[in-house]
Structure formats: structure tokens, C-alpha cells
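Take this structure, written in C-alpha cells, and hold onto it; I'll ask about it next.
When the chains are written out, they are named A, B, C and D in that same order, and each has its own residue count from 1.
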């Protein structure tokens, strides 16, 4: 994918990002760095600001202060769709399929508009590529069913498929595994690991600690809008602040 | 796509066959569109009833040219965009022998191009200034607004005003944002130029205004000698009611208000009408000049209550009837339905109708304006019968119909 | 204040604006419930107001009873009519989860049907109700208070406050507020949301009936006048803030005052443009409206 | 069928309809057809923003009036040929559509609908106070004497213009519907946030849809002054344009260009037929009953029935 990467330049740099909703401070001076192809776990109790951070990076929310840089370029002011073109793709915690369309049509939207949209796909190649991605997430059989009628699990898979179809450099997976069975968690994990070979960095937000520990090369912890820890997964788990934050002493 | 045209015309022809006239002695068909729904339905239905009364009278006398008269009409819903379809259906599908117009400028103008293409003689019912742009020589209009309609319409008010001594200096003009009031105000502005008055207020208001006190207070602040109002029934009621609530002080108030001519407003407003100077087309005070009108009004009033329309019928019904009388007399005189001969006859002849002598000028409007300018006085209570006999109205102009002079100022004559 | 400052004119403009706002609030409070809280786009609300006008006129004409009092006594009739209309609406749309657009066309149909029914029953002549206070006007210094507008104003404020108190202080009322926020949650708590919504919609039609009596006391009414009020009722509801009764009252006063001041000082013809321009600005900069949630 | 083929068929049918009209000697069909075609254009145009993108425009009468009044303005100013009026009116209404497009930046769903309603009231007040185009008095527009292509009566010229414009509107609607833009708009209709995060430039597409929809609605109004020969604000801003441009796509079906066409042909023809056969208040009642019945029995419109029937048959 990318040419040789200068060592120092990170893929994503989030510096001093603050976000307030009226009086409530959802994010307070958060810094975060993601290297190309890196697998980062983002954890924290509910309401710690994880989704808000995702929305600020993806562009659906605008932070009051701080800078967000992607491949060295400031994307803080860019609309969400432009960030997708630049290579930032995200899934939604609560799936949001295009209900009036079939599963494969959902993919076609992402292929047409997401993946470096400059590449104009003729119908034929678009269908093959869509089927290929659907195969990866295990939805090939349901290509023609209406996406509105899918089960919760399948909808989560569709979310991932749409993000992949955007050919991102950074994929943000927002609780894609909540409520899945062990085998399904493993399927998704295998998929996300696959992204690594294609040089795609992944930020995984999960509560399933088994998956997070297995997947993450690095873990960042958000509590009440502030990043309280960032580093090697095992050190993080042993870190007293993190434990107290989670177990709520 | 091609099936569209076939299917479309097939459906319509089938429907028209259903409505095709019986093959017996061919009836003489007169076609028109009329507002039976929408804001002007009140006038439309009153006109329709009057024309039906005329139809019954004529058929009782054996019809015209030995043929029974039949009225073919459709509801234009007070929506001008229905008019071209209605009139081309009447002419091309129903094949009516004669056409007359609906009520009001908005629905008369759209029919003009079709009339001009077919060279039909076209009688208009209360259209203000319609023919000025078309200049069609077979257009005739029954409302007595005179050769320059907008001027003739406002003549009574201004003649009366300029007759006051000392001469009034300032005038306030106010009217609704709609076709008739805008034309009436245009006429008033022209009158102001001719009489050298100074305009101190000249604004319009949206037709669905609820509260008129802001407008009348703004007018009162300019302290005008005269207040000329051009309005539709709901606004007229609002203006008159607010004038008493605000205690309007001016020498003459009124002018071009549609509404006080109708029974509904006469009953609702009652004593509030005292002192108002307004136009009317017929009042009992001049009944002696129109011998047979009582007979018509009796028939009309009998049916009006049941049909839920204006109970008195002073404003429009006599003229709707008179319009048909002119047609009737012309056909009988010419002896045929030749449009050219009819038009020519109508230009030359002075007709005697329920509304007296009717003579048309070159542009089809009345040769002489004959709108009555009246002042209401001595009204007590809200019953309607006080209006059926003379005594509540002073006719100010035109001179031949004058029954008294104007009482001013408005606030004193209101008591 | 400068000598020529038109204090009387300004004072009267304020009073006229408030009185007009009171009437606008009565006409719009029903929409604030049906549209603001139930998300039912009831375009035919003004038609029910006109129906209320005619019923009040009928009673007043036959028995000489005061039209506004008559409308309050007869409001249960409108309440029942509201329940019937909502049942049809619920069966055809809500149950199938149709979005409110379909309901829009449904209510356009109801608007036309009601208007023609009124034309057939009452004819097309202008009707107006006579009441004892129709022609009396109180004068306090330079300001005058026409009873024709003051009585509807007072009863309207009472009605709006009554609706607000009902919604906040009774079980059923709170259920209506809850259904506005999260119908699903309410259903999970075992509340029959259909019954609650039906009640709320019926209440909105009842307010329409009473507002109709105000209208026919203020000005003559004719079946097709309802069409003029469609824009106004939604403007007041949205300007004030969706689903907020206080918001509706505030929105009504803002529009009433804007119209009154524009008519007095600038030009009556521009009054609707000013009012709806105000609404456009509010929607652009504060979509939730003045008091919206 | 490719867009080019569809365009060819559409314009061929249009020319066929115009040719067929030479056989019709009866003017009534031209007037009735003019009105029905007017609604075909209005409904098709409305559906581009309302059906494809899901933004309900309450103010379609305002766009229609912009088209009509730009023709009145040109008639008074320079008296240009009809085609110039049509193009100018379409562009003027397109500008208004552009402005409305930016409205979608701040407003969604029913707020957007109310905003377009407010916009049409503001525009109405401007036109009422614009004396050059007649204001509240109304303006007279006399139909030209010399008729092109040897047509006998001017209504036939207007009919031909409307047929060609209807074909053009259908081609534009279908081209948008089957293109990437159409897919993007459908995504916006289903879930705007998800569409934005799938890379769809939602604002740009909404503005495009609003501009094209507005322009075509204006186009429907450009020949109206000649048809009526007397235009005043309450005729151009009539409630029937707002009601029909929403009801027809709803009744026909909003998912494809065929829906508004069917809805307009059905409801438009019924209104024309009822208006000249049932001569009293009943024609307004019939339209009301038709609206209620159709919207309740055919939730997704006629096309909805067709789709359901096809799915059941497969």
C-alpha cells in the first residue's frame, strides 16, 4: 500500500483534543498516536468518551480545541466524507445499515464513494470486489437479502464490510464484538488481524478483554474523558489506576 | 408513451358521450365556469342561483328562438388555472351555443384568449378592467363601473368627498394584497391626482389579517381627512369593527369595501355600519327606479336561505340576472346565435333590465359609471328586516339617484 | 423620551400583539401536541378549528348561548372526533411504522373532505357569532382593549396553562410527555402507548374546537379560511420549540408582536414575511426552537 | 436500458405524442393534457429531492411561481421567444433550489419541510409587493399571434412544450436515479450519518438534488403565464401545487421515476375529468377521498404494489 514509511511520522496524531456538550466535558486534552499498520486497543468504562473520540476523529463531531492530523495533514476541519477518502473508516456501535437496500448494494455505496473514490468502478468489477469482501465477513450467502432484515450479528458484520470496502489506512472498530458468541469473536478477530497484512492500522474499542488483549499491540485507556494510560497491554492491565477505574474503588 | 394519448382521449370521449344531450328538440346551451368552492364561492353560488332563476323564467315563456335554455356549468374552485380547461371543454366537447364568464377578474381573464380565438361574444360578470389589455370588441361586462373601470369604481366616494366644505386636504389609502383591492386603489390614486389631495398613508395588508387595530392606529396617527378602504368581506368586517373600537376620527371613512352589501355583514355589524360611506349596486331606496326588481329579489331570497348564500341579494344577483337578460334580448332581436351580429347589436342597443337601463361603450364596459355611493345611518339592532325597506341608506351619487347628502365627520355620524 | 415618540402607538402595538399572540397560541397548541409530541403531521388541524367555529356558530345562532362557552361545553364532542381520527391514522400508518410523510397526505385529504362537508352543510356565506361583549371596548388611557379580542385571549391563556398543568401534573399527562420522548421505553414499562397517544391527539382536536370559537368571535368565517392557517400553526409550534407548550405560547407571542409592530410601523403587507423570516432564522440557527428540548 | 436509450425512447414518444396531437381538433384535450403534464413535471421534479433523498419540500408552489414570474418579468422586459423564457425560468428556480440545498446543511426532516413552507410565504410577499410584474394587481400576458411550425392554436405550442419538458424531466430523473448520485441520494435517504461515514459527500449531493429538483419545478411554471394569460400571486402560489407535488409521488411510488409519472397521470387525469363532469363541490371532495384511500391502501404507492406482486411471484 504505502511507500516506505519515515519512522518518526505517525499515521494518526491526536493532540490536546477537548470536546464539551454544554457543561459536560466529554474529552479533556486527549493525546493519541497511531503508527501505520499498528493494532491499538482503546478501552474504558461506559461514558468515558471512547465513542466521542471516534466521532471527533471520523469527523461527525467537531472538537472545541486540539489538532487531529492524519499522515501529517491536519484533518480537524475536513468533513467526514473527505476523511473517509483520506483513509479513515469507522463502524457504528449501533449498526446503521441502508435499510431499503440489499446487503450488496450497501457495499456498492462504500465501494463507489469510499475507497479512494477516484477509481471509477464499472458494475462488473464492483460486484466481484463486493462479493469478495462479503465472503471475508461471512455474508456472501445473504448478498441479495434486504439489509434492514438482518440479525444484529449480521448487521455488525455488514458495518465491518462497509468499512473495509472504503479501503482505509486506519479502521476504527467500535464494539464490533459486543454480544457475539466466542466463535464469532474469533472470526472477527481473524478478520481484523488480516487487516495488518494489508498495512491497515486498527483502533479496536471493545469490552471483551480476551479479544483486546489478544489483538492489541498497544492499549490506551480513557476514563471520564481523560487518557489515564497508554502502552504495553500487560503493563496496562496491571496498572492500579486502570484497575481502580474499571472496578470502581 | 404512445398508449398514453390513446388511453387518455378514449377515457374522456367515453365520459362525454355519457353527458351528451338528448336528441329531442336541441336545447340552447349556455356554458360557464363558476366558483362553487374556495374563497369566492359565496358570490359564485349567488350568481348561479340568479342565472337559474332567469333560466326558469325564460323557459316558462317558451325559451329562446323556440329552444329550451339549458345551463352547462363547472366549478372553477376560485382557481384560475382551471378556467382554460373548463371553457375549451364547454366549446369543444359540450358544444355550447353561448358562453358567459364566472365571477371576478381572476377567472374572466384566463378565458379571454379562448374567446378571442373563437370570436365568441363574451359577457363578463364583475370583472374590473379586464378588457384594457385585450381590447376585444366582443367583450361586454355587466358591472356599472364605466368606461375607465378603476376610475368609475371610485367616482362616487371622491365626488362626495370633494363636495365637502371646507375641502378635504389629506387622504389615507389602504387595501388588501389581492386583485380587486389593488385595482380599486390604483383607481383611487388616479382620483387623488385629479383632485389634488395629499396622500398621507398608502399601504396594503395580507388578505388573511386577523387584527386591524395596528393598521387603523397607524392611519389615525397621520390624521387624514378621508380614509379610502378597498377590502374583501372578512377584512371589511374587521376594519369597520376596529374603527369603532379604536374610535377612528376622520371626515369620511369607507369607499371600496366588499362585504357591507351582503346580508351576513349587515346583520353581524348592524349599528357599526352607521356613518360608513361605501358603494352598493342596488338598495331599496332606489327600488322605484327599477320596477320589476322586487319580483326578482322575492324569488332569489326564497331560495338563498336554503342554499346557504347571501340572503338579501342586493350586490350581485340582480346583475347576474341582468347579464342573462341582455343576452336574451340580443338573441331575440338578432333572431340567431351569430356571434358577430349579437356583439354588434349589443354595442348599439340600450337594454332595459331588472337593473334599469344598460348601455355598453366601445370597450364593452358600461358607457356611464353607475355605482351607487351610499351612507348608512339610523341602523339599530342586528335584525335584517330593517334593510329590506328604505330608510337606512342615503344614496349620495350618481345625481339622478341622489336621496340626501353625506353626514360628516364619520365619528359623529356613527352614533 | 423624545416628544414625538408615539407612546400610545407603541403601547397599543404591544397590547394588540399580545392579544393576537393569545389567539395564535390557542390555534397552535393542538399542533404542538399532535405534531410536537406525537410526530403526527396534522395539516388538517386548521380544518378542525373551522369546524369548531361552525359548531359554535350553530349553537350561538340557535340558542343565543355564548359561542366560547358553548365550545368548551361541546369540547368532549371534538375529543371523541379526535379519538376516531387517530384510530384511523394509527391503523393505517403508525402500526405499519410508516414515516410521517404518508400521514401528511392523509391529513391533506381530511382537510379537503372537512372543507367540502362544511360547504355542503353550512353553505358558503360568511358566518359570525354574536356575543354579549362583541361590541364593547375597554379604554385604559391611550390603550383600548376590544372585548372581542380580550375574552378569547384570556380563555386561550387559561386553556394553554390548563393543557400544560394537565401534562405535567397528572399521570396520563406525564405519560403523554413520556411517549413524546421515548415510546419504546414506555411500552417496556407496560403502558399501552396507543391509548396514551389516542388521548393526546383527541386533546389536540378538543383545543381546536375551542380555538374555532375564538376565531368566529374575532372575524367572520367561511369554509376555505382554514387553508390560510396551515403555515401559521406549524410556524408557531416550530418557532416555540417542538413539543414545548410554553414554547408554543412564546412562539405565538413572538409572531403576534412581530406582526403587530410590522403592521403599525413598517407596512402590514410585510407582516407575514417578517414572521416567517423570523421562523427561517430560528430554524437555521436554533433548530430546536426557542424552548425546544 | 442505458440512459441514452431511455432518453431516445422518451423523446421519440414525446415527438409521437406531439405528432398525434395534430389529429386532435378539440382544444379541450390540449388544456387538460397541459395541466396533467404540468403535474407530471412537478411530481417528477419534487421526487428527486423528496423521494430519492428523503427531503420533503412543502414550498414547491414557490419554485413553480419563480418559473412563472421569471417569464412574466421577461415578457414585460424583452418579450423574448418562449424557449428563452423556459431556460431562464428553469435557471432562476435552480438558484432558489441551490439556496434551499444549503438549508439542508442546518435542517433535516420536518424542520426542512417547515422551512420551505416559510420560504414560500416570504417569496409570496415579495412577489405581491413587486409592482413591475403586476404585484397583487396581476399581470396580463398576451399569447403571441405568429405560431411556429404551422400550428393552428397557441395552446398546441404550449402542449408541445410541456410534452418535451416532461420527457426531459423524466430523463433527468432516471439518469440521476440510476447513477452513482442516485445511489448516494438513496443512502442519504436511508441514513445520512452512515452515508457520510461511508464516504458519500452528503451536502454536495443534497445541494445537487435540491438544485435540479428546484430547476425542474420552476420549468413546469415557465409556460404558465401564457397558458393563463393573466397571472396574479394567489394563482401562481396556489395550494394545489404544494398538495399535488407531494401526493402524486406518494400515490405513484417514490422509489423510481415511474412512480411520480403514474401518480401524476392518475391523480391529474381524475382531477381533470371530475372537474368537468361533476359540476359542484364534489370534485374537491373526490380528490380528498382519493388521497385518503390511496395513502392508506397503497402505503408504498402503485409501484409498491408492483414490487410486492413481483416479489410474491418470484
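Simple rule for what comes next: a residue touches a chain if its C-beta (ideal position, glycine included) is under 8 Å from a C-beta of that chain, and two chains touch if they have at least 3 such contacts.
Only a predicted model underlies this, so the values are computations on that prediction, with no experimental measurement involved.
Chemist: By the contact definition above, name the pair with the higher C-beta contact count: A-D or B-D.
Modeler: If we tally the contacting C-beta pairs, B-D comes out ahead.
Chemist: Indicate, using Cα centroids, the chain positioned nearest the centre of all protein chains shown.
Modeler: Measuring from the global C-alpha mean, the nearest chain centre belongs to D.
Chemist: Can you work out the whole-Å distance between the CA centroids of chain A and chain D?
Modeler: 43
Chemist: What whole-Å value do you get for the distance between chain A and chain B if each is reduced to the mean of its CA atoms?
Modeler: Chain centres of chain A and chain B, defined by C-alpha means, are spaced 74 Å apart.
Chemist: Could you please state the distance in Å, as a whole number, between where the Cα atoms of chain B are centred and where those of chain D are centred?
Modeler: Comparing mean C-alpha positions, chain D is 35 Å from chain B.
Chemist: Where the CA atoms of chain C average out and where those of chain D average out, how many Å apart are those spots?
Modeler: 32
Chemist: Hey, what residues on chain D touch two or more of the other chains?
Modeler: If we look for residues of chain D contacting two or more partner chains, we find 125, 128-129, 281, 284.
Chemist: For chain B, what residues touch not just one other chain but two or more?
Modeler: If we look for residues of chain B contacting two or more partner chains, we find 36-37, 177, 204, 206.
Chemist: Among the residues of chain A, pick out those that touch two or more other chains and give their numbers.
Modeler: Nothing qualifies.
Chemist: Flag every residue of chain B that touches chain C in the complex, lowest number first.
Modeler: So the residues of chain B in touch with chain C come to 36-39, 41-42, 44-45, 78, 177, 203-211, 213-215, 217-218, 221, 233-234, 237-238, 241-242, 244-247, 259, 262-265, 268, 272, 307-311, 382.
Chemist: Can you check the complex and tell me which residues of chain D touch chain B?
Modeler: 9-10, 12-14, 16-17, 20-21, 24-36, 125, 128-129, 135-138, 140, 142-143, 153-155, 224, 227-230, 232-235, 238, 240, 265, 269, 272-273, 275-277, 279-281, 283-284
Chemist: Spell out the part of chain D that touches chain A in their complex, as residue ranges.
Modeler: Counting only chain D, the residues touching chain A are 180, 183-184, 186-187, 189-191, 193-203, 255.
Chemist: Which positions of chain B touch chain D when the two form their complex?
Modeler: It comes out as residues 1-2, 4-5, 8-9, 11-12, 15, 18-19, 36-37, 73-75, 77, 79-86, 88-89, 91-93, 105-106, 109-110, 112-114, 117, 133-134, 176-179, 181-183, 186, 204, 206.
Chemist: Looking at the complex, which residues from chain C come into contact with chain B?
Modeler: On the chain C side, the touching residues are 6, 8-9, 12-13, 16, 19-20, 23, 115-116, 119, 122-128, 130, 135, 137, 144, 146, 148-149, 218-220, 222-225, 228-229, 259-261, 263-265, 267-269, 271-272.
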